[in-house]
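Going by the order they are written in, the chains are A, B, C, D and E; count residues from 1 in each one.
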Amino acid sequence: MVSPILSIQNLSKKFGAVIANEDVSIDLYQDEIHGLIGPNGAGKSTLIKQISGEIKQDSGKIVLGENEISNQPVFQRAKMGLARSFQVSSIIPSITVLENVILAIQGNLGQTFKFWKPVSKNQELINAAHGYLDQVDLKLRMFILASELSHGERRKLEISMALALEPKVFLLDEPMAGLGAAGSKVMTKQLAKLKSRAPILLIEHDMDAIFALADRISVLVYGRIIATGTVDEIRSNANVKEAYLGSEDL
Amino acid sequence: MSILLNVEGLKAWYENTQVLYNVGLTVEEGQVISLMGRNGMGKSTTISSILGMMSRVEGKIEFAGTSITSIPSHNIARKGIGLVPEGRRVFPNLSVLENLTAASTSGPWGLQQVYNLFPKLEERSKQSASTLSGGEQQMLVIARALMTNPKLLILDEATEGLAPVIRQEIWEAIHKLKDEGISILIVDKTLKELLALSDNCFILERGETVWSGIPSNLTTNIADKYLGV
Amino acid sequence: MSISLFLEQVLNGLQFGVMLFLMSAGLTLVFGVMGLINLAHGSLYMIGAFAAAAIASWTGSFWLGLVASLMAAAIAGVIVEIVIIRRLYKRDHLDQVLATFALILLFSEAMRWIFGAFPLFLDVPEILSGTLSLPLGIEYSKYRMMIIVVGILIAVGLFSLISKTRLGVRIRAGESDREMIAALGVDISKLYTLVFALGAALAGLAGAMVGAIQSVEVGMGEPVLILAFVVIVIGGIGSIKGALVGAILVGLTDTLGRFLLPSFFKIFLNPSSATDIGSALSSMMIYILMAAVLIWKPSGLFGNNAK
Amino acid sequence: MIKENYFNIICIILLLSVPFLGLILDEPYYITLATKVVILAIAGAGLNLVLGYGGFVSFGHAAFFGIGGYVSGILASHALNYYPIIEWPFIIEGTTQMLIILPLAMLISGGFAFLIGMLCLRTSGVYFIMITLAFAQMVYYFAISWPAYGGEDGLSVYLRNNFPGLNTMDGFSFFSICFVLLIFVLFIISRIVNSNFGLALQSAKQNPERVAAVGIEPIKVQLIAFVISGAITGLAGALYTDLNRFVSPSVLSWHTSGEIMVFVILGGTARLFGPLVGAALFIILEQFLGGITENWQFWLGFILIIVVLFAKGGIIGMIAKERRNG
Amino acid sequence: ADDHKAKVGMITTLSGGGSGLGIDVRDGFLLALKGNNDIEVVIEDDQRKPDIAVQLADKMIQSEKVDILTGIIWSNLAMAVVPAAVNQGKIYLSPNAGPSALAGAGCHKNYFNVAWQNDNLHEAAGGYANSEGYKNSFIMAPNYPAGKDALTGYKRFYEGELAGEIYTKLGQKDYAAEIAQIRASGADSVFFFLPGGMGIGFMKQFAQSGIDLPVVGPAFSFDQGILQAVGAAAMGVKNTSQWSKDLDNDANVKFVADFQAEYGRLPSLYASQGYDTANLLASALKTTSVNDQDAFRKALKKADFASTRGSFSFDTNNHPIQDIYVREVIKEGDIFTNKIVATGLKDRSNAYVSECKM
């Protein structure tokens, strides 16, 4: 039996009276896109935040490869191979687009504590960054400040920074949001390619995309997983329809 | 029907970079208008310009017959424009209820009405807006804009990040608003619903209006050329 | 040490705390609510004290002096906000630091220009001079009693204004996103001028009230500024409740530290080095308190978001 | 509008011309002033690293400035009095060798920065401003009430410390030492801010969550910057003791922190030459206005306000708009 | 003729807190030199910062090439400037501040103090306390060297018990806690040294507290400039001073009249000290030249001038021997001022003479 790359075991999280996650377990295997859908406020982002370490679970375990990472700080988990994108674009506004990506690369390579060589003369880093920007179609915009990007362009930068981490696992929180129809199409293609590099835990409200991409889907409602299965299974699940999909003819 | 909002030859700059070159659009009373274009083409900038949030604009912007190019933001809003900005700009340090009261004016839309529209908000009325889920925040900003009882509601990517069920509800709500006589200007990426709803469309390309017309005239050809669909 | 002396010191600490609250109330308002770092808060405090002293000695009425302090500081506040501060909201915080630092120089020197280099006279009014007899044989100054009462009234008033009224909600909304609140039809500039004036008036009032039992002189605002910052940071920025609790905590720590530390060290040191170490430590006490609070709670006792 | 680099070169030339002018006109005070500007610029450069590039505003750099100053003062006074600093468990003698004193001042103030930084960096924003102030005030009150080295009266050392091959009591020689150190410090800082580390530092200021999410520990980056910054400011403090041949708790007071901060902001935050321009302008104004009116502080305040209102990003921001990293 | 010319550099506090003192010293000094064309004075503002004072001293010495320095108000600034200046061969005349370090082992032939040794006024207060029969004093000063000197000075002469001894924080303005301790201590008198605004605050609060104990302090908290700000709270308080406006000698009568005529306000202790300093200097220049330092020092040491405080001479450590009076705060018309009620110490020198090897 193949062992999962990322294994989330019985995670629970409460905010006061709000039960954000309850006993959530998901395994992520090689070459897989695992879709995570559910109504607004079901606890999807909370789950990602726990996996990446931004917030601490009340109980449960997170295992990456061989290692339990439940108690590691955020940066350690990132170093160990977790890349996440944020639901609300989280970029560094005062530096250029290119530098944003370089930052991610140097984080991945552990080259932060180099004090002498100017980044602008570091051709290796720059070339690598070009590659990642190309993949999201942002190369033309790489010399402007990240703060000057439009909303959709920020989303792209967000993804390209995740790519630059060359992670073991991608945690993507609504990467399509704000991309526009054209952007979503491109992104869909890209994610399909990406999964051969590392498995993806994908949160999306864009059903076209999720149904096109996901190998398996888990549905989270009120913090609990109410169903896990293939696209077809989920599509036809009556509970899911009622709680989430609605009458949208798919 | 009279023209509510009329934009002609709009140019706009961020600091020294010009991003709008020649934008034109009109919204007639009671209409739903969609503004389309790929990422970075100037949709949001157009909206910011209408609301007086850009530091430098040129051209004509008229609302209800008077020019609003050089009056401060809050006065524009008071004339009856309600904004749902992109990127969920909730007031993070305020509770849900406070977010709503901050915007409230007297009129048909009050707390009870928006709570009816989004029951989830009532449930979370004491919660700090920064801790709401993405979709909940989105509901909040729509509700907040409604609290200003606008004549023209501007929605910039208002359904981003909403679950399909909720999104349908929003479309239905927009229908209802339209029936109540509120005019609406929408930017959204879900073409299908948008077109079903709109009376008229404008497409932007690099800061210029390059196409306008009724939805049925929007051929796949044009959609492919300007929207990449 | 007798119980009644100890209780009196606790009362003193409480009163010092409330006095500190008076000094910091305006600052929390402007700082926490408007997000503005106003180093010139101390200058407004000084302006209030000078106005009170000048008017009180001219008219012979302390109460008219108080009114003058409110008005003078509020007017100064409005002018400063409209002419300078308003242009700096969008800028870096540091520009505000520089501008308000410059205002300190300007105001201090202006006061010296107008009133001369020597301290002015301001005394407590006749009806509040002297002491009250409290249980346990404690004699307590009437004027200080009044400070406690006024301080608590102001705390309640401000708290309701900011957290309960729509005005308060809008002001707080403006702090996190000015552009957005304006786009919702709120004239945030006018609101901010108002808040700044209110903060200034409170500073001026504090200056006058405290000036009557301390000294009215150029530069009186600077130590106050630091203390006020300490208070609101301990309490958590933007929280009126925090400012009150922080102020009382600082007041008690300082008073009891001054009083108890030297006697404490006398237990195991000879009297002169006990006095030395005790007084040295007691002058650091509030800073130690602040550091400890912040290390334990990085955004103060009642602050929710570290900004 | 001119390029920042050209402007920087002009600054250097102007700065260098002052002591020469002093020599020619036989106005040694000009040299003293120029030296003071240079030393304060070093202190400001240290602060700029955290305040400008790192984005965390320290209101406690007087502590490092003063600690550097006292290291110098204490070592020298022990050497002059032939009285060892420690006799047990081993003897440490004082010294008057700048080449020992300056690195030691940096080491010790850097060490303090490490301790203070570790505690303070848990907070951010205004809380950081205030907690750094708190630590500086503790040091200040300690220095005032600690009698061993003069308390509030301070510590006089009468002579400048020695530098091999130079007569440091000669104003121009001492200026030269300080000037070379300033250039050296600025060079180091320009390398640091343009390096990988610099990129991480600037990013951590804007968005620490994001930085952590790419596998970089923001606190560690900031702590290292804080230590470097403290050490540089400590160096300036040691030189300042030499300039005055005297050190007292007043260099530890919050006014010192405030002034260093004003230099940086006035010149332009996150600009390499910002602290130098700020310090120079401030001191020129102080001298010039002080010479014409007793109410010079009023006019100084007035001019500063004009500068803030009309020069976005300080003097350098006004002259050379475009800002690139470093 | 030209031989008798001299250039004086005055470094004093003219801006910010405490500038009133510097302004008075300067005004008194300049008043005495009115019409004297031999002495050129350069004045600079030290902002009460020791490092600025040091730099100004460098400027005076190197650029202005002055012969004589004077003007410093504060002990800590004096400690920063004086040793270096006198070691460079300049004469320093102190119009205020006499730290013990410069009176004892650190004395110097070029350093003349024309005011007092720091302990003097406190010593006189201690002496006065004995003569009034106080047996249980509560004493208080800020926690810094001058504050410690003050309490030491008081205790040197005071023979009774101490009901309490407190060092307060420098710059402290609120004294409720200390006043409560005084009330509880059973003291029969209070001695305090709290210069500037600290003293104003203490006196007002003490008056409000209803405690009815005699208070003694050095003149600093009760001098002309500050007294109006304390107001009625100071009435009747005894304070020690080597000078008073009502001292009846010709020099003083003229000084008080001239000062009022010139500046339109009553002179202060500091003004008298500035005035005396200038007169001392002028007296020495009458007979000698600064270029002959030995002779000049000798002339200074003779103190051959009419001091506003009556008898004045220098002890071997160049610090004054003078009477220290006890004054009482009174009201003259609308103005609070002092009148002499006793002599605290007669011909008092200082405790450090023997330590000075000169």
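Methods note: a contact is a pair of C-beta atoms (placed from the backbone, for glycine too) under 8 Å apart; a residue touches a chain by one contact, two chains touch by 3 or more.
Computed from a predicted structure; not experimentally measured.
Undergrad: What is the graph distance from chain D to chain E, where chains are linked when they touch?
TA: So the least number of steps between the two chains is 1.
Undergrad: Kindly list the shared contact partners of chain A and chain E, in label order.
TA: Per touch definition, common to chain A and chain E: D.
Undergrad: Which chain maximises the distance between its CA centroid and that of chain C?
TA: Max centre-to-centre separation from chain C belongs to A.
Undergrad: Hey, which pair has more contacts between C-betas, C-E or B-C?
TA: Pair with more contacting C-beta pairs, C-E versus B-C: C-E.
Undergrad: If you average the CA atoms of chain B and of chain E, how far apart do the two points sit, in angstrom?
TA: About 75 Å, centre to centre.
Undergrad: Could you put a whole-Å number on the gap between the CA centroids of chain B and chain D?
TA: Whole-Å distance between the two chain centres: 51.
Undergrad: Averaged over CA atoms, how far is the centre of chain A from the centre of chain B? Could you give it in whole Å?
TA: Going by mean C-alpha positions, chain A sits 28 Å from chain B.
Undergrad: Could you work out how far the Cα centre of chain C sits from that of chain D, in whole Å?
TA: Roughly 31 Å separates the two chain centres.
Undergrad: I need the residues of chain E touching at least two other chains; which ones are they?
TA: Within chain E, the residues that touch at least two other chains are 15-16, 143, 169-170.
Undergrad: Where in chain A do residues touch two or more of the other chains?
TA: none
Undergrad: Give the residues of chain C that touch two or more other chains, as numbers and ranges in rising order.
TA: 108-109, 112, 276, 279-280, 283
Undergrad: Which chains touch which?
TA: Pairwise, the chains that meet the contact rule are A-B, A-D, B-C, C-D, C-E, D-E.
Undergrad: Using the touch definition from the top, list the residues of chain E that touch chain D in their complex.
TA: 14-16, 44-45, 49-51, 54-55, 58-59, 62-63, 75-76, 79-80, 83-84, 87, 99, 101, 143-146, 148, 169-170
Undergrad: Would you pull the chain B residues touching chain A in the complex into a rising list?
TA: Touching chain A: residues 14, 17, 38-41, 44, 86-88, 120, 127, 131-136, 138-139, 157, 160-168, 189-191, 227-229 of chain B.
Undergrad: Which of the residues in chain D come into contact with chain C in the complex?
TA: Per the touch definition, chain D meets chain C at residues 51, 57, 119-120, 122-127, 130-131, 133-135, 137-138, 141-142, 144-147, 254, 258, 261-262, 265-266, 269, 295-298, 300-305, 307-309, 312.
Undergrad: With touch defined as at the start, can you tell me which chain D residues reach chain E in the complex?
TA: 26-30, 32-33, 36, 141, 144-145, 147, 150-154, 156, 158, 171, 240, 243-246, 248, 250-251, 255, 290, 294-297
Undergrad: Using the touch definition up top, name the residues of chain C that touch chain E in the complex.
TA: Of all residues in chain C, those touching chain E are 2, 5, 8-9, 12-13, 15-16, 19, 108-109, 112, 116-121, 123-124, 129-131, 139, 141, 143-144, 212-220, 223, 255, 258-259, 262, 275-276, 279-280, 282-283.
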